[in-house]
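Each of the two complexes below includes chain A, the first together with chain B, the second together with chain C.
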Partner chain A sequence: MERLDRKLGTASSLPLLAILLVAFIAPMLVVAVFSAMPRKVFSVFNSPDFSAYAALLEQGYYRSLLWSLGMALASTVILFVVCWPLAFGMAKVFKRFTIVLTIAVVVSLFVSENIRLFGWVLTLMKGGLIEGHVRAWTGEGFESPLYSVPIIVFSLVYVYFPFMLFPLAQGIAMVPDDARQAAADLGASRWRILFEIDLPLAAPGIVVGSLLSFVLAAGALAESKILGGQTVIVIADEIETAFTYGQDWPLGSALSMVLITIIAALAIYGIAKVDLDAIMGRKGR
Partner chain B sequence: MKLNRRQFTLTMAGAAGLAGLGPLSKAFAARDNEMNILCWEGYNSDEVLGPFRNANSGSSVRAESGTSDPDMINKLRAGEVNVWDLINLNQPWARDQLYPENLIKPLDKDRFMPYFEKMMTGFSDPYPLAFADDGNLIGMPQRFGPFSFVVNTDKISREMAEDEGWNLFLDAGMKDRYGVLTYDNWNVIHMCLTAGLNPFEEVTGADAEKFKATAEQIFAGSKLLSDDLVAMNTALINGEIDAYFTGGTYTASPARFDGATNIRGITPKSGPVDGKGGVVWIELTSAVNNPDPSKLAEDFLEYVQAPEICKAVAFAEGTYNPVSQMGNPDVMARFDEDELDAIQWDSLEEEMSRSLDYQVVASYSSLIEIYNAAKRG
Partner chain C sequence: MQFAPAIPPGRYLYSGQTMSSEPILRLDNIVKRFGQFTAVDGVDLAIEEGEFLTIVGPSGSGKSTLIRMLVGMEEVSEGAIWLRGERIEDTPANERPTCMVFQSLALFPHMTVGQNIEFPLKIKGRSPAERKQRALELLALLRLPEHYYTRNVTQCSGGERQRIALARALAFDPEILFFDEPLSALDYRLRKTLEKELKDLHERTRKTFVYITHSLEEAMVMSDRIAIMNSGKFVQIAVADDIYAKPVSRFVAEFMGEVNLFDIEGTTSDDLHGTGIEIHVNGQAGEFGISLAPNEKGTLMVRPEFVRFLSSGETSDFLVRGILRAEYALGSRIQYKVETANGSKLTVENLREDRYQGAIGDAVILGWDIESTHIIRE
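For the complex of A and B:
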């Protein structure tokens, strides 16, 4: 019976495996093969020469990559600091009010990201909601904060807020109150409880939240385009340009492969470090 | 969860049924009953498509708008030639890339040549770039427009902008007072002209260095970059910038039609190529080389030559543009004063005479690399 069960289980997972293979692995393979092709060809049936990777090193694309990763890191750190107290409140303090907060944050996801970002442009631009009112009331205007690196980081924080908040709240919810109380009874300071109880026990949530927001921010494009005025060119922008105006599919593929490799390495490293089953609620086996 | 054989068989049967539906539904669709257009925005609007759909009820007419020429070309390259029947692009792409690669096919000359006669001067001869080197007619021109740069005439007068031409953007006083509309392929053309080079001839050696210096200076002096014309017009109207590099009636017309007539496309009075410094784009609508072609494709191309449809194409949605059929008084009569002002009709002929035809950029692949490196900063 056990063997039959296992067989049927394997057999019923086949369609899903097939879908994964066709929809996920196959496109990745095509991108990988394309990245090895000579520059500016439109078919994978050429002899590979990896020239796109050479171009990538020679033409300073590392700068865009560094900007993307740097801004993703900055936004992830800021998100963690901003979300921690709120997530703590949602998991341990707010009780019924948590649902209100959850709905409020989730509702923002119902509106397309681009529209929300344009909303910020209208708010922050010269003559916009803020500067326009200040100028009308005081007669004195000021330069808008748009089109700069800090505003891009701000918009990354804004857009990926829910992706840090919810995993973090989930992670904090896993910290047993008994452990915190015991530590307090034994004379641990608040900081010590934070560093030795809360942070280690909430680690799965922290890792998932950080990975989600970092990975999404590293591949983000709209923030730097809409609010940032392309003041720095991010890697996703370079990939888009290579595929479109550059008409250089191998270069675009090579850039994608580099980004995919970095992110996959980070994700595998992060996930290997924590017990994901714990946060998914599958405790016993 | 425990599975038994019966549940398993049911699941598999369901999956097989779903998988079977896809290819089956495709087999029942006949190509004479459908037509798909890949186009710049406008041809996909209800004003343009509605009457055609009514006249061909029972057929499915679908149009999808692209956001750039290369985006649309990528679709055909990726194998969508058997999806689309018509493609609407700026002409050098059709001539240089699509036709040589057999992605589009020639049109029936007997059917379409007569339409050139009623077009505006410049198009009626007929328009030479609608033809491939082998003499075949590869597309019909309709929308067009001068495309150089745009200023806020409250800050920079039209006359001064036209006299200064591209040098305006090299002026130290303009630092942080302009944006760059990042239509990359256009930026390359305009940066060549700014550097005093002919973009349609090979740019190498010292000329390439000159291009590089110009590209770097323009990016360094710009306040913002965006590929969104609305963002550029907004920045221009609210005083964030006073001009933007790359633009024309196509980008200025929505702001002008909204009443901001101080936003104006500028064509330089002089320039490095035969004394000309402006450029004009002209769209061609071509028949895709679909292995299973729809006969509605050429019907549609003929349909958009009718006066009321020409007007609908010119003023569809998003942007407003002159059409080559405005040489026909029946078409002209359909435009009112505000509409003509939005598309800068008063100076159109003059601007066209100062503009070069948008052609293939000879050194595009090396220049776009220099351009991208400069943009990265």
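For the complex of A and C:
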């Protein structure tokens, strides 16, 4: 009986397995193979070389990679600091108001990211919503904050806000109230409780939220293009250019592979560190 | 034979033991309201240094709320808490020198046994070496093997976790150690073992223990004094024997286990009106201290284990005639239900070796002595 169940289970997972293979693994393999082709070829049947990877260092693509990773790191750290109090409130304090907040944040996702980013352009540009009003009232204008690195980080924080907030709230909800109370009872101050109890016990949520926002921010393109005005060229931009205008698929593939490897390594390291089962609601033991 | 005087409900009564000069903790008219609902309704209490006090009450009696106020996790609506003569009701929990063992134990799941026990010492800024030494001492005190120091708390059994929670609380070295029904989640046998261990621990540490539970048995085994709580008030505070033998109200009498209660009114004769009880001792009830003023109402109480089956010709201070209706085996004891002529039911409990030799439906005579009789005046 149990063996039959297992066979049926395996059989019913086959279609999904096939889709995963074709839609996920196969393209990755193609990209991996292409990354080891000589520059600017359009076929995988060439003798492999690693000139595309060499271009990463020789032609300065590593700078784009560092910008992407750096801004992703900055936005993740800012997101964590900004989201923690709110997530704490949602998990432990707000009660019914939590659902209002959740809906408010989720509704913002209903509008396309690009449109929301252009909304910020209209708000922040010289002669836009803010500067325009200030100039009309005071006669004095000021420089637009647009097209700079800080504004790119700001927009990354803005766009990936929900991806940090919700996992964090989920993680904090897993911190047992009585453990916090017991810590206070044993003499711990609020800060001690934060560092000794809240942060370690909410770690799964922190890891999931940080990974999501970091991974998405590292591969983000629209923020640097629309609000950043390509002040800095991010790695996703370079990849797109390589595949399109550049007509250099091996270069695009090599850059992709480097990004994928870094992100995968981070993800695997992070996930190995925490008990993901806990946050997914599956309780072992 | 003296009977306990009537005690006004909610008042502090101390019986049996000698009192030291200053109580370690004194509650002065503590009130806790949640909106319209009054959970704790004007409680006074003095806790002596080194005593084991248990607060017992049914669920919803306000005992959990009370203890949470005492440790500082719940704000006091009204009244004052004095710890060694210092007012502490507005002091936050982390600044009070008291500590609680939670019902859930509230161990820190991300820490090892050692880290859990050392937590309060770490907060106090003790050195790692000193912390470890103290943790090992406490493991030994609670009879946990030394290698548990590095074990994860989630890998420990219920009884072990219990001991770890205790060790952690003792590491804090509190002035008073509070317990919020920490044994309620354990199975019966383990609970019995830990009750005795807790009592033993109290004797070895001589710390002040304040324990709350809904289980009277637990309270009886461990405590120096028991405070019975109902509807946010203390009904009676006394040593276990007195609470059992001389309850101040029907509530306490019934809460303390099986009991036979008879409503009586002021009487001057040897006939307790309408109860079907005959008095046989020297004729007059008043002589044994159970007399009530004319028209005064009271309740006559006798515990089932003091009632016995009389053989014909045998006599005792009180007599009741009835029909044996049921018999239940309770392990070491046998319980009987006897219906009297006027329809009231009596419960009798005998040791197995004193088992009644007869059958259901027998006409029986029950008897008990004046020493086992208590009059409740409410």
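Please note the rule applied: the second predicted complex is superposed on the first by the 283 of 285 C-alpha atoms of A that agree within 3 Å, B and C clash if a C-alpha of one lies under 4 Å from a C-alpha of the other, contacts with A are read in each partner's own complex, and residues count from 1 in each chain.
We take it that a contact is a pair of C-beta atoms (placed from the backbone, for glycine too) under 8 Å apart; a residue touches a chain by one contact, two chains touch by 3 or more.
What you are looking at is a predicted structure, and each value in this text was computed from that prediction instead of being measured.
Trainee: When the two structures are superposed on chain A, do chain B and chain C clash or fit side by side?
Mentor: Fit: chain B and chain C sit side by side once superposed on chain A.
Trainee: Check whether A:Ser64 is in contact with chain B, with chain C, with both or with neither, and answer first, second, both or neither.
Mentor: After superposition on chain A, A:Ser64 lies in contact with chain B alone.
Trainee: May I ask you to decide whether A:Ile197 touches chain B, chain C, both, or neither, giving the answer as first, second, both or neither?
Mentor: A:Ile197 sits against chain C, while chain B stays out of touch.
Trainee: Looking at the overlay, what does A:Leu8 touch: chain B (first), chain C (second), both, or neither?
Mentor: first
Trainee: Given the superposition on chain A, what is the angle at the CA centre of chain A with arms to the CA centres of chain B and chain C, as a multiple of 10 degrees?
Mentor: Once the two structures are overlaid, it is 160 degrees.
Trainee: Could you look at A:Val232 and tell me whether it touches chain B, chain C, both or neither (first, second, both, neither)?
Mentor: In the superposed model, A:Val232 contacts chain B only, not chain C.
Trainee: State whether A:Lys40 touches chain B only (first), chain C only (second), both chains, or neither.
Mentor: After superposition on chain A, A:Lys40 lies in contact with chain B alone.
Trainee: Looking at chain A, does chain B or chain C touch a larger number of its residues?
Mentor: B
Trainee: Have a look at where A:Asp185 lands relative to chain B and chain C in the superposition and call it first, second, both or neither.
Mentor: In the superposition, A:Asp185 touches chain C alone.
Trainee: Tell me, in angstrom, the smallest C-alpha to C-alpha distance between chain B and chain C in the overlaid model?
Mentor: Across the overlay, chain B reaches chain C at a minimum of 28 Å between C-alpha atoms.
Trainee: Check chain A for residues that touch chain B in one structure and chain C in the other, and list them.
Mentor: Correct list for chain A: none, the interfaces share no residue.
Trainee: Along chain A, where are the residues that touch chain B in the complex?
Mentor: Against chain B, the touching part of chain A is residues 5, 8-9, 11-12, 15, 40, 42, 55, 59-61, 63-64, 121, 125-128, 144, 146-147, 225-226, 229-233, 238, 241, 243-248.
Trainee: Taking the complex as given, what residues does chain C use to touch chain A?
Mentor: 71-73, 92-95, 98-100, 102, 104, 106-110, 119-120, 123-124, 154, 168-169, 172
Trainee: Spell out the residues on chain B that touch chain A in their complex, using ranges where they run on.
Mentor: 2-5, 8, 11-12, 15, 68, 70-71, 73-74, 77, 179, 182, 184-185, 223-228, 231, 234-235, 238-240, 365, 368-369, 372-373, 375-377
Trainee: Considering the complex alone, what residue numbers of chain A touch chain C?
Mentor: 176, 178-179, 181-189, 192, 196-197, 200-201, 203, 285
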